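Paired with chain B in one complex and with chain C in the other, chain A is shared by the two complexes that follow.
This part shows the complex of A and B:
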């Protein structure tokens, strides 16, 4: 009996150690996005993108097995985000993080990620100075506000639309965007004929539209948070007849975002926006991306910027894990590998800045048009390698 | 609302004995706090989450002073929580990083605001009270959201530094310090509140809740008590807010959103109002459920929360604690009486 037991034990031990040698190391990835409430579209797109990517490129990059741990940040809520980051880092022991989304959440997470040396991807926060400045282990695959808010100014002036009226939503990102646009407009020798800050909740646009009309601008530049406000203002300007009388409507990609453009409807046609990604982007990789994403998510779920940012975060993760093939996972090496790394994204080429992990990418000027009956953003001009500063 | 402490008539003792009976610690109370402290030693326990539960419990208890003991419904209790949170945040940002003194300061500011609110609403009752408190909450929320230069707006207050507690215990990412700090502060404030509600002042509050007119005919003024009750409740809510800021080093507008006022009301109602422990029980149930459901189903968890709330409220109409208590009483009574 005793010998039998010891043989059994020995055999078990042998199997265990053999397995140990062969076993793949599991890398746990925390996915912290908004899955509920008004901002749940971001979380949904992130999930679809990750799923599509893993179907296409396998689930074991560099011989590592991936395990995803999803949590709901519920929107811009730093208290919740900080607790969730703490939880996935200390209890679930995640080694990588995709998220959290939104600037306040990213800021709240940074000290924990720095202390625990966990690399993270900023896939949904655009404020400047929140990447390498806050955590040496973070990498941005989204965009930085100046990338979106500056290029339209020189473009407009070049088209001869020199008198510009600026309308932004009255909150921190709105103020930041306004600042960058006005700066760029001055540099391009355009004229600011007026600016407005509109409230975030239940704005009544008719009074504002009268003020735009009185200023007689060539074009109006708009920055609104995605959703009700971005839809509302474009429709209001259209309904007022200003657009028909020749006023150019411009803005950041939010006002013609693929997720909401159908709600804007005919009012969106002809609107000029600056954006980092359009499903109409002309490249082989993008066509492939759109096809496989749509196969997973369905036609109804259109592809937005959260999807592309998550996709690129996965691309970078796979590249960095491949580089660690056969070794034990090392978070510091992972983050260091990404610095200065260049990839081809569905949106075009992107580079991760060497010094602070922020993103350098092309910015496209697009015009909203109907393509086969569907509203799309058509890229009409490219600003190459736009800096995040 | 007759679910509260045993009515004085039921106790055939002198006044002094009555208060002595109330003050005596019951065995389950000691067990409750010991179990809460024991959570720390459970392996794999998420201590940050537990400290959050404790803080929410303290916050709900502060509302209990108003709602449970004085019968004042408030839809704006997050005002005091948020005030405490932001005051503690400002202290940490502008160099006053010592947490305990900052906590007292935050309590004092919240108390002052509470006293003013009490003065404002002491002649208002019922639905009017709900509207005034709700209005105050919305005003303060909008103010904080819009004063981006002062509060950082949406992004929250940046650069909060909190020194180690007693210069020894640093707030770490594992929540060890946060847990003990929150527990000890909450326990001390709980004892203070317990003494208070079991004192003649507490009895006067209950009296005013049950029948203010009669209290006046008895010669007990009730109006002044409203502002006093508001002040005390606000101070404790402020302490809870300050605890949250200090344990997380973060403060942002959601700390004083209307949602928070509603959540704390839900927590108190789940647990049972007028019992001091109702808030803590409610917080344990609500926060742990929220955490559990949101981790197993990040997308649809609000549905389950809603469903559970409906179930809890329809089966435990007076809240968990009073319902369980009533069940227990019935069980004890049935034996000697044995009606059927």
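This part shows the complex of A and C:
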């Protein structure tokens, strides 16, 4: 009798859970990126990446139905970001968040996400200490500033370029990057022969470039925000004849970002950068990724880091949802699952840190070259599993 | 010594860059008293026409420049006939709001037609690289810019400030009714002046886009510099615009060389000082 009852119970339970699976719980994902203004390329890449991913891996990971809710953060606007996060969390009841982008936005969102226990992916902010430190449900798939700003120092010294001039844009991320690079340079026994902080609105570099010339460095390290400043300084150094006279131009991947490397033009050739992803990365997964992304976005829209970060956020989401198959969605379990999780990304292997959700990944030293006439960042050296600290 | 001279030359070249960018606004704002912030959008259009003509149609750089001047001039007349002429009699604030609205529209339109990313400029080989002059290594493009800017300045000063046409334009602006009563076709003169202002803005965009980078946000990014040059120079004077552009350009480059920690602060400091000293600009005619 007892066994018959338990069989019956088990059968009922099975029916219930089967019905649950049939009913398909919907998981709402908020996508908070910049879709307008100067920074709209990030949002565009995020959308292309998500679309590509869902075409490729289906739209029901773990039996959950996904519903995307897009909002435009309009750039680094913490007030806007805070309002949008509040809106999607309380009114739309999103259970996951991809974004918001930029450090000030991420910081503005963190308290709300912590309180509502909504897991989020940091796909476009690089400042240190803004992931697990601010929200226990936060995971970074972008990069942390030291990952990009440290490796070039030992690399340069190893090449015999020991006298380095540092130029950074005069804003918080610039100062942070300067600090990490100069520290690493000291550790590697290189010499800092000068440094400059240049304004964020700056159409004219020639005065600065004369200072670089006077200091006679072997190489110059540059950190500029994405956009016209990156293009401007590389071109200005090239036009001044300094590059032709043997000065090595180095910097974070921003200065030869695929999004506008064509606009940098000939000046980009030979520029050495540190980066987390290049479309030229040699792996089967990356070739597949580039092919399917290009099929969705078209040849004209080149793949940048926002695309890869969004792609990896989707990979992690699918893995975590698969792990909750047949259960009700649980945000806390979702975040806990990702801690210490390791995946193969188009950029190479990445690991989400166990203690605070930040990212550990390979950093590549790349040289910009023409491949079949198109400017590309070719990976020439790998720093493995670089920490976010 | 060589480095000081090089810095000085670069300052002059930057000054001429500022001049070619802002002279279009100097014509419409200064001579016609119309606050046309959309002038920066005409500059952007000039840049895009240059890119399209060079990259897609393979035309040589020097051939493209007059094409840019004519096309942007034509577009600006169309916009003037359709929109601007209804606002000549309104106050400054209305004109500012109208034209800044047009700037935002132009950003959206540029994104639609040319995409949101930065444009690639393949400049001809004779204009890139450096040249040795009097023992100084100077950038060829900057030499070209100085020469082109100087010719443009002379042509404009004599063409618009010292000729009958210039007198006619000023007469129409100062007192439109009387000018009309004297037999001047004020509508035609306004449209013509507007075309020249627009064409010059386009030319400025075409000459500067290669150095500054061209994307749909171009107008917003450089509007401030254009306004600074025109207001420091004074309304209604091309000579004033030239002097202001050169002064600010040289000061900016020298400042960045000798006091890099002040960044671009020097250009703003100078602007404030000039405006306190001469509220109507260096050579302004006053209200």
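Rule of thumb we're sticking to: the second predicted complex is superposed on the first by the 367 of 389 C-alpha atoms of A that agree within 3 Å, B and C clash if a C-alpha of one lies under 4 Å from a C-alpha of the other, contacts with A are read in each partner's own complex, and residues count from 1 in each chain.
The definition used in the following text is that a contact is a pair of C-beta atoms (placed from the backbone, for glycine too) under 8 Å apart; a residue touches a chain by one contact, two chains touch by 3 or more.
The shown structure was predicted, so the numbers you read here are calculated from the model rather than taken from an experiment.
Visitor: Label the relationship between chain B and chain C on chain A in the superposed model as either fit or clash.
Guide: On the superposed model, which is not a single observed complex, chain B and chain C fit side by side.
Visitor: Which partner does A:25 contact after superposing on A: first (chain B), second (chain C), both, neither?
Guide: It touches nothing on chain B or chain C.
Visitor: Examine A:170 and indicate which partner it touches, taking first as chain B and second as chain C; both and neither are also allowed.
Guide: both
Visitor: After superposition on the shared chain, which partner residues are touched by A:214: those of chain B (first), chain C (second), both, or neither?
Guide: A:214: touches chain C, not chain B.
Visitor: With both complexes overlaid on chain A, does A:262 touch chain B (first), chain C (second), both or neither?
Guide: second
Visitor: Given the touch rule stated above, what does A:91 touch, chain B (first), chain C (second), both, or neither?
Guide: First partner only.
Visitor: Name the contact category of A:282: first (chain B only), second (chain C only), both, or neither.
Guide: It touches nothing on chain B or chain C.
Visitor: Is A:385 in contact with chain B, with chain C, with both, or with neither (first, second, both, neither)?
Guide: So A:385 meets neither chain B nor chain C here.
Visitor: Regarding the shared-chain residue A:40, is it in contact with chain B (first), chain C (second), both, or neither?
Guide: It touches chain B and chain C both.
Visitor: Using only CA atoms and the superposition described at the top, report the least gap between chain B and chain C in Å.
Guide: 7
Visitor: Overlap of the chain B and chain C footprints on chain A, residue-wise?
Guide: 37, 40, 44, 170.
Visitor: Provide the residue numbers of chain A that touch chain B in the complex, in ascending order.
Guide: For chain A paired with chain B, touching residues are 35-37, 40, 43-44, 70-72, 76-80, 82-83, 86-87, 89-91, 103-104, 107-108, 111-112, 115-116, 127, 170-173, 175.
Visitor: Under the stated contact criterion, what part of chain B meets chain A in this complex?
Guide: 44, 46, 48-49, 52, 145-146, 148, 152-156, 158, 173-175, 244, 248-252, 254-255, 294-295, 298-299, 301-302
Visitor: Tell me, which parts of chain A touch chain C in their complex?
Guide: 37-38, 40-41, 44, 170, 196-199, 201-208, 210-211, 213-214, 227-228, 231-232, 235, 239-241, 259-260, 262-263, 265-266, 300
Visitor: State the interface residues of chain C toward chain A in the complex, per the touch definition above.
Guide: 3, 6-7, 10-11, 13-14, 17, 111, 115-122, 128-130, 137, 139, 141, 211-215, 217, 221-222, 224-225, 249, 252-257, 260-261, 263-265
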